[in-house]
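Here the chain labels run A, B, C and D in written order, and each chain numbers its own residues starting at 1.
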């Protein structure tokens, strides 16, 4: 099937209703979501490279939600929703934690990764967000007392520069703002 | 990893919390669930043949929920839940329809499939339930005004005769029983 | 494309290109029924998954082959799919064969 | 098993057996650090997926190789994984090579 046809088809099925996956907060289940992402990307007619980009971005976001959001507590879930709005595929990853800004690990979109410093200080983590920013077309993070919503957007029709770093819109509400 | 270890592990992660998937009622999305079933089966250390059995049974049940339960209405969802209870993997498939008994298509577990009659009458459908009964260790169907719950059970530790036809426990409530 | 069709004088080989013979590939498979030949071989080479929607499409070919007095064979079938075909009594109508053994039929 | 290790006099070839280099295979990969050799080759042959948890494990090997003055190479890397390695500036520390080109190093 031509990819245009697939996108057409998707506007029927995905635009009205979403795919929703809930997994226990254990890293082994990250793979279920990652494979589903591949299916959705292929269904939408993404080319091989974009399929890989989407798969990796979803994997990173789900890993973070399991580890940082839910502290790997298998009694609570990480949710993932795939849906289409305004010519874009959205992947919304939700957890029940609070966003933790970690200035020394989060590499901002306009910085290059300074591998030399990393290697000197044995810093082998902190590349997830850095990669996500380079793989998605847009990114939104909302965090409040009810948890974190991490939403990644992928254009259905390839536009402008692919894989340009995106701006990272983050909206953090103080936990107590909602609590009382 | 040895399969015992995997089952051990599963008792930690899957026993406390479930994997939940909701798809729009369109057959293209059946595949997402089918692939997730493969992941779960491998994670539980099922051998190759049982992985195939589980994958096929899940595919058939989800196909039925989409087509017969939800009439392929993409605005409503089919739900699939994987969980472990009492040394068994359960796969519960839910839709929002009513179970429709179709005596001429449902082949009962103790009947053999009469292919000759089928071919004479161009009956190429109606093999899903027949197959499921031969692939799972147990089967429960509950249907009421709120929808149908179709639950398949797979023993974690291979017991007795594998792939023996199972009894089909079906519990149908009259739709109006709940409505007023 | 789900299928690649190889046509000879008295044979047709249908190479399934998909990894799944399911609802999404069923229509194209059933549609092959007008291109069958005296000996028709379904090559399941890359097929990793078959469900009853796929079997239903295959049965349409079986029915048509009977009507037209043609012979259907399946090659490159996995152990699991052989088991499923046995369950639904498919093998009587579409026996599993080895490609080598069919060579005399297609080179005749 | 995730890894198969081939040891020579002055070389080690680490064949990754998994299709994923991710959190679940990270520990075993990082654990290989005591078995590196003057020339250490990571063979990504069957690897279909790499994420930052996997890269993190690979970086542990890179750091250790530097400390020990050893040289790491990657072979059989897909185009997508090359792109990801480039993004995180990995290629400076673990260049991608062709197995044929490394033969002089390991047969010496």
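Basically, a contact is a pair of C-beta atoms (placed from the backbone, for glycine too) under 8 Å apart; a residue touches a chain by one contact, two chains touch by 3 or more.
Just so it is clear, the model here is predicted, and its values are computed rather than measured.
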Item to complete: State the remaining connectivity among chains, in groups separated by ' | ', when chain B is set aside.
Response: A, D | C
Discussion item. Centroid of chain B to centroid of chain D, CA atoms only: how many Å?
Written reply: 42
Practice prompt. Would you kindly tell me how far, in whole Å, the mean C-alpha position of chain D lies from that of chain A?
Written response: 27
Worksheet item: At what distance in angstrom does the C-alpha mean of chain B lie from that of chain A?
Response: 31
Item to complete: At least two other chains touched by the same residue of chain A: list those residues.
Response: 28, 31
Practice prompt. Mind pulling the residue numbers of chain D that touch at least two other chains?
Written response: none
Response to the item:
Pairwise, the chains that touch are A-B, A-D, B-C
Worksheet item: What part of chain A is in contact with chain B in the complex they form?
Response: 9, 12-14, 16-26, 28-29, 31-32, 35-36, 39-40, 43, 74-77
Discussion item. Quick check on the complex: what are the chain A residues that touch chain D?
Written reply: 27-28, 30-31, 34, 48-49, 52-53, 55-56, 59-60, 63, 112-113, 115, 118-119, 122, 124-125, 127-128, 130-131, 134
Worksheet item: In the complex formed with chain B, which residues of chain C make contact?
Response: 20, 22-24, 49-53, 55-57, 59-60, 62-63, 66, 79-80, 83-84, 87-90, 92-93
